[in-house]
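Labels A, B and C are assigned to the chains in the order they are written; within every chain, residues are numbered from 1.
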Amino acid sequence: MRKDKARVTGLDASPIIHIDQELCTGCQRCVAICPVDAIEGSKGQPQTVSQERCVACGQCVQICSAYASIFDDDIAPREQKIAERGLLPSVKEPLFAAYNRGDALKVKAALTNRSLFTMVQCAPAVRVAIAEEFGLPLGSLTPGQMAAALRKIGFARVYDTNFAADVTIMEEGSELIQRVTTGGTLPMFTSCCPAWVKYVEQTYPELISHLSSCKSPQQMAGVLFKTYGAKVDGVEPEQVFSVSVMPCTCKKFECERPEMEASGYRDVDVVITTRELAQLIKDAGIDFVHLTEEEFDKPLGTYTGAATIFGVTGGVMEAALRTGYELITKEAVPEISMNFVRGGEGIRKASVKVGDLTLKVAVVSGLKNAKVMMEQIKAGKADFHFVEVMCCPVGCVSGGGQPKVLLPSDKPGSYVSRTANTYVHDENLLLRKSHDNPDVQKLYETFLGEPLGHESHHLLHTHYTARK
Amino acid sequence: MSTNLNAFIIADPNKCIGCRVCEVACSVTHTEGAAVTAGMIDAPLIAKLYLVKTATVTMPIQCRHCEDAPCAQVCPVAAITQTKGNIIIDESNCIGCKTCLMACPFGAIDFVPVYKNGQIVSQNGLQVETEDGLTEKEMVVASKCDLCAGHAAGPACVRACPEKALEIVVPKQEKKKRNVDAAISLQDAVKKFIG
Amino acid sequence: MELLPFVIADKEKCTGCRVCEIACHSYHHSVGKTIGTVTRPIVPRLFVKRKSGGMVPVQCHQCEGAPCARACAPKAIRIYCGRIVIDTGRCNNCRDCIQACPFGAINLTPADQENPCVSFSEAEVHLVGNKCDLCLGRDRGPVCVEACPGQALRLADPLADKREKNRQAAQNSQYLYRTGR
């Protein structure tokens, strides 16, 4: 466990979550929803974010309704705020007090830089929400149009986070089996949610060893872009500009973590949110709604249903079980769709018979519920092998970077639709188990060797830092 | 600092029989023409005090002429002022915004149409659009008990009540009277026990 | 005799979050469900204002003797379906109604709702009067009342409120003469 404080980046270096002091009305709806009590201030006065405590989950950004009105004459001009927030000047939507740092300008610049070979990945949750920014119903599933739009903006390779999610399952599934069979630290926690990881680092550093050593799919994709991907596409790694589109604001923090440079370069150069991608698409004048669907590029854009369900709570667990079951018993899992791990905000527990082993698993969504779980572990009362933790209410589809719903009454419906369509996508894909992904198999055969092998360890696994 | 508290009218719920003569008297007194018989009344009766009849209580409710009158405080056009111990609404300035109605905790303010010679008065401005076209909207203004200011005989409701349930309360006098009554009653009590 | 109802706010419950303004805008303009679909400035018909330590939304009182209507030369302001509305077709943006309203409930906004614009430059855009119309056409009534997360807004029926207060006052007065005179 490295304690090299000099290299630990907090969010103070380049804060991701901000509250505009001119716009904040002190209504404190953000205070109520912040899972780590990182927002401070008196009622009726502008609030501030404690960057030390903040895990950049962006739920405050989603809930904030204090907008900059054209009738407010005591605030800075819109152009100034747009510039301060790193937004494209063409953005027309209203600005709110709580906002995340904007990085779309960096992406736009990279796309016009001919010396760069741009590769992009989108998280599973993006494809069930981005169409909302163009007026389509909440939760509309539009992966084909999303891929087409990315190509039209100018990305050289439209790859996908889901490919890396399949790889994550291979690595994490193997890691779990190893811990279970060799007496490793249990329960093992998922590590793909960066807000959850930061939370463990700053609140329960003594339990860091419980986190899976696997990187998140975003980071695995990034490092593969600049190694395997560069090789396959015949470009120099230093030419590759690696962009990630996420439903999450904390992923901006994750890509800036000092250790995320196993490729020899920044594995992920820029992270933008679903909203920022929509803004880029509008900025380019693309008519998203009428685009013809296109496919993702191979090999790093091939994915299975197991990967795409990462976007909802219980999805990582279900994907892991689909593969883990087969890895252990050498037989196909009886029922691919596992309703017992699906659900909403809260803690769900299950016991799964996998051969001779009864695997005890738990799924937690909502960071406040994770605290409950951590206390149980400390008290020695958590009898689990594997726990999935997601910070946001129903998983990534409800993330801080997703399209911001106008009316509070529409929020629950947005969660329901995005979740439902994620499972619809999974059901309609030919391949639904990570280990069946032929391009993942090829990756191992030709490049990585085996899960948890030397190459994997170097590129796809990571370590964490106590932040207390 | 010696200030006089505003007088107001209040009913004794134990005496009120719910006959509504107070409302009739109020309405007649505030209408030009001084009708003497019912047949002389050519417009709806509109009173400035309001009979309340529930299962448990029957009595009229009217303005208390509050010292810190909330109606006066909220009126956006300053149509409600205190004049000679009386909270008065200047109907000619009233825009009918109903803020005073919402502000009064007793519901003592009502909004009423204005009648002249038996005809309802229309306002010169606001019109109502219906399927049949545009019609005039009646003039509607705030109305409340004004202690019959301008009427030499004083509050009509008090005089009219057959049960003498209504009285004008002059707060400082009433308080003094009760202080004296209490003192006398205490003196009697002490005498009885100590002698 | 009926009095025009209007939306009133409870100052104790209002936190100043502005969801009411956003909801108002979303009903009166064609927007999708997400912020990203909003292409013009939010122009609400009720305004959340800071007032002596608290926040409270201010909007049209649907005045019985509406001074805005009295002031309007082209007679563009009238009662329609139990609320005071501005006929934007007749509005000549003279601003007399804005001067007349003691609550500041009327605003000038672009008439053309399809043409997105980020800032108003009066030379380019045709402006008309704009004020709360209790969400004319909406079955469930004013959207701000529904949307407020703290239930601080309600559609008040002035006469019903007044009668309830009369009843309450009578109830309370029962105890005034308990001891008899």
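Just so it is clear, a residue touches a chain if its C-beta (ideal position, glycine included) is under 8 Å from a C-beta of that chain, and two chains touch if they have at least 3 such contacts.
What you see is a predicted model; the values in this text were computed from it and never measured.
Undergrad: Could you work out which chain's C-alpha centre is the most distant one from the centre of chain B?
TA: Following the centroid criterion, the farthest chain would be A.
Undergrad: So, comparing each chain's Cα centre against the centre of all protein Cα atoms, which one is closest?
TA: Of all chains shown, the one whose C-alpha centroid lies nearest the global centroid is C.
Undergrad: In whole angstrom, what separates the CA-based centres of chain A and chain C?
TA: Result: the chain centres lie 42 Å from each other.
Undergrad: For chain A and chain B, let me know how many angstrom lie between their CA-based centres, rounded off.
TA: The separation of the two C-alpha centroids amounts to 68 Å.
Undergrad: Provide the C-alpha centroid distance between chain B and chain C, rounded to the nearest whole angstrom.
TA: Each chain's C-alpha centroid was found; their separation is 30 Å.
Undergrad: Return the residues of chain B touching two or more other chains; collapse runs of consecutive numbers into ranges.
TA: none
Undergrad: Considering the complex alone, what residue numbers of chain B touch chain C?
TA: Against chain C, chain B makes touches at 10-14, 50, 52, 54, 56-59, 61, 76-77, 94-99, 101-102, 104-107, 109-113, 123-129, 134, 137, 139-141.
Undergrad: Given the complex with chain B, which residues does chain C contribute to the contact?
TA: Interface residues on chain C, with respect to chain B: 1, 3, 6, 8, 61-67, 69-72, 75, 77-80, 84, 102-103, 156, 158, 161-171, 173-174, 176-177, 180-181.
Undergrad: Would you mind writing out the residues of chain C in touch with chain A in their complex?
TA: 15-19, 21-23, 26, 31-44, 47-48, 50, 53-55, 107, 116, 118-120, 146-147, 149
Undergrad: Quick check: in the complex, which residue numbers of chain A touch chain C?
TA: Residues 25-29, 43-44, 65-67, 69-71, 78, 92-94, 96, 132-138, 275, 278-279, 403-410, 414 of chain A touch chain C in their complex.
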